[in-house]
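These notes open a run of structures that come right after.
The two complexes that follow have chain A in common; it is paired with chain B in the first and with chain C in the second.
So, the complex of A and B:
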């Protein structure tokens, strides 16, 4: 049983071992920070994938909900509430606002939904920039405490002062998100999301409650976006209206599209590969958004399934060729 | 009372630009069904083109405006050809993501090549006239008048000339238009050229009043979308009326309520109205 599991899923086990051993391999603080951000943005991109990739609704308010979670957690922890209590609440807060916004906006379709969510995203960052008494205006909130230590009986406590501890925290949440997304998209509910994406009218006709499905997908996606925002606020220590900016949404959109929309590995590959690539292309830093823009257009026209989608297609083709040869050999043996 | 009339005047001026920009967008979004998210950014590019023509090549205000309209019209044709046409038969969401790519390229290109700082086009008509206690600068009056002329010209073009009628034919029934021999590709290019050209004209007209910055297009583009959706997709009178209404709302709301939140009202109104009528105020059912 265990051997079979290892033989089939060795790549995942290897990746997990690598991820766990990463603090031993990466010693440069700056590089480590990029990896932590990669994990955080993976969570955000994975949740964006749920509403955009699997349900087919282009929500452009994703950074808005990320920002809601970040501000929610910052205000709660600064007023003395424990991080571990504040974090789920920041996710729930984003989910609740998502529910309230989803009710009117999800009645619209296609571009209308994209535009109205984009409007909401801009509203969040405008309010964050102007509601000075609560959000600190354009200076934002500074001095957000790091996650409070977890006490362990007989062993002392786990504190989150070091980068390695922070990394494991983010990794744990990334794995949790990945696990839930995996269960979700392979469930009946996930299938109904995809049915809505592929043909909403047909889905409605065969009895899929399309509106409920869309709202649910939107709420779950925003819950994870809000949690990612909360962790971000706590680890960075300061946030500003830029945390909810449209640019951030566009960045995730690039990660998602390039990595592979409607796959589970795509968002993670995108969220890691592109920032790392950008580090190697430092001299192109200024042109970064131009390159992103061009890539986005090229990918959506020629490779709408992204990097991981292209990989799967390639794999299928290889298997098809390999399979055919096997058949041919069998046929030759028989004759 | 003076303040009120002053704000109404400013609102009409602001609304004139909104109306022109929304008009161009409604042609593309309503007729070709292309969600051109880069519309505001093309508007911004129009202002920059005219700025550089004036400062580097010594063009006058009007020649620069006309040149900018022509150049942006050509850029519009290229954008349609490269960014949108390959995705015409794909789901809506794809051309929309492609549009996001286009706007990223446009905005960053301007920042990289010409710098993020704001610039100002020298005002060609600096005079001020005082009518019944309302201060009107000549440039602002010019914007209002030019908008009316532009809207009238566009209306005549669409209703009275053969290319204009062709556009309307495609809007009403794409397959039908193709059957009677209308070249839909050509119509797409033409519509895009008109749309971006008028946006450039609007940008050049208001550029002497406001600063021009690389980010000025993003917000305006979104407002144009709000106007187009509220005014009804593809409805030209809706876009014009919506433009003036939004301009007045912003000027009066900004003058009496909080100026910092003036953009929140417009976007909030959109979400509110869409919640009641998912296809917009004057939108057709099921579009």
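So, the complex of A and C:
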């Protein structure tokens, strides 16, 4: 069966081996850079998926929190704090601000929540552009150091000057994010998030504290957005208000919608497939956007759960037909 | 007394949907709340379950004041409910619907989920066992992995009762558990309600329109009309009460 392979363990092992061997396979620096960005944006999209996909609250402040993490890390590392200490703090900083913003905004629902979070995202990038003494204004912050080397006994140290090393760093954080998201969504806690998405009134009635659930999901999502922003700042070396721009949020939203909302593979597939597609459609210049517009509409109408969601649905249908046939055979044997 | 409601009133833009209603639910009984459409029965359930805030009045559960509590806290206090229009998590599977209902009886939080602690493991096993138990109790064991949309109307009704029941409530509020069902399915639901009462030992409070069913099921009945209690008593007393016959049954005798 064409779709059954998604369930097999070996496919994941194969993917992991492929991911680890990637620096040997990709020699072009430009392509490699696209892959590194794909991993980073996968982390951002995966965390957006937690609040938007699984919990059903369309936060459009995601790049805002990404930006908070990026600026947080840039300021900390430039003042001499080690990257490895600054990184968790940049995540925690985004999470804390997320908590404070979530308390009022999560009391609103649906499009009201989307609009209020979008406003926050815009505010972050406006502040970044105008608080010149701290953020450097529209010039941004330049000369952010790369992650400090990790000393290893007897083997010297791991430095992050090369692209390959930077890639492994991003990959490690992507896997960590994936592991945590996997544990969250495949648990009673994750089920209660989905219950909130599906029917908030019923969720309350069966004892799920929906507001607490929404705040928790929002805070965790923003923690990872902040960390992704922190890694981004360190690897790029410079950031600007564009790092927190709404465009970035909408890019991730498109990755998420096309890749598959409320699936774990969807955000990663989206974050890699769309930029690659963009590269191939380079010759169309601005007209690319028309193609994406149409694609987005088609996917939302016919595959509301994106590419990976469509796979899963197909798989379930095949199983249902297969199962029914098996039952019918059993029934026939009995009579 | 399991539940006491005292002088409950709920106004919607000046209109009293529930007007000065007092009622008691005794432990272990089946109480039926009947009344014509718009009498305020569902609003009363909304008030008890915390979905609506009373304009005035008090609700006490085993001597704990629960007036104005959030629905999830009231649920944790031991009052489960179903909705008139069958409410389920239709994006999820049958077993997941039940697992969510049991979430309030598990202790694990965020960190134990992330770290897969022993408590998380215990919660998971306990939930699975409980889901299996309820699945066979409501007769849906074979449908565990189905999505809600693949269930029949009657199966959905049973599942919604299961979702309420799995939280091990002291009292269950059923808002028209047989609404929109054909006769055979109604009988099955009636049997299930009896089982909940006898086997699971849960106090039942239900809203129902089908008089024949209620008469055979309830220990006690309360009749609402225009937001007020107009009669209270055993099914036999109610069926002979002239006020009820006039207001609710339109002068006809009870079937």
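Definition applied: the second predicted complex is superposed on the first by the 305 of 335 C-alpha atoms of A that agree within 3 Å, B and C clash if a C-alpha of one lies under 4 Å from a C-alpha of the other, contacts with A are read in each partner's own complex, and residues count from 1 in each chain.
By definition in this document, a contact is a pair of C-beta atoms (placed from the backbone, for glycine too) under 8 Å apart; a residue touches a chain by one contact, two chains touch by 3 or more.
Keep in mind the model is a prediction, meaning the values are calculated, not measured.
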| item | value |
| --- | --- |
| Touched partner set for A:15, first chain B, second chain C, both or neither | neither |
| Broader residue contact with chain A after superposition on the shared chain, chain B or chain C | B |
| Partner chain(s) touched by A:191 [first = chain B, second = chain C, both, neither] | second |
| Partner chain(s) touched by A:205 [first = chain B, second = chain C, both, neither] | second |
| Contacts of A:287 with chain B and chain C, given as first, second, both or neither | first |
| Touching partner for A:118 - first (chain B), second (chain C), both, neither | first |
| Which superposed partner A:172 touches (first chain B, second chain C, both, neither) | neither |
| Touched partner set for A:297, first chain B, second chain C, both or neither | first |
| First (chain B), second (chain C), both or neither touched by A:142 | neither |
| First, second, both or neither for A:100, with chain B first and chain C second | neither |
| Chain C contact footprint on chain A (complex, rising order) | 180, 183-184, 187-192, 194-195, 197-199, 201-210, 216, 220 |
| In the complex, chain B residues that touch chain A | 29, 35, 82-83, 86-87, 90-94, 96-98, 100-109, 112, 218-219, 222, 225-226, 229, 258, 260-261, 263-264, 267-268, 270-272, 274-275, 278-280 |
| Contact footprint of chain A on chain C as seen in their complex | 49-51, 70-73, 75-76, 80-81, 83, 87-92, 96, 99-104, 106, 108-110, 113-114, 116, 120, 123-124, 127, 163-164, 167 |
| Sites on chain A touched by chain B in the complex | 52, 56, 58, 101, 103-105, 107-112, 114-116, 118-120, 122-123, 126-127, 130, 246, 250, 253, 257, 286-290, 292-297, 300-301, 304 |
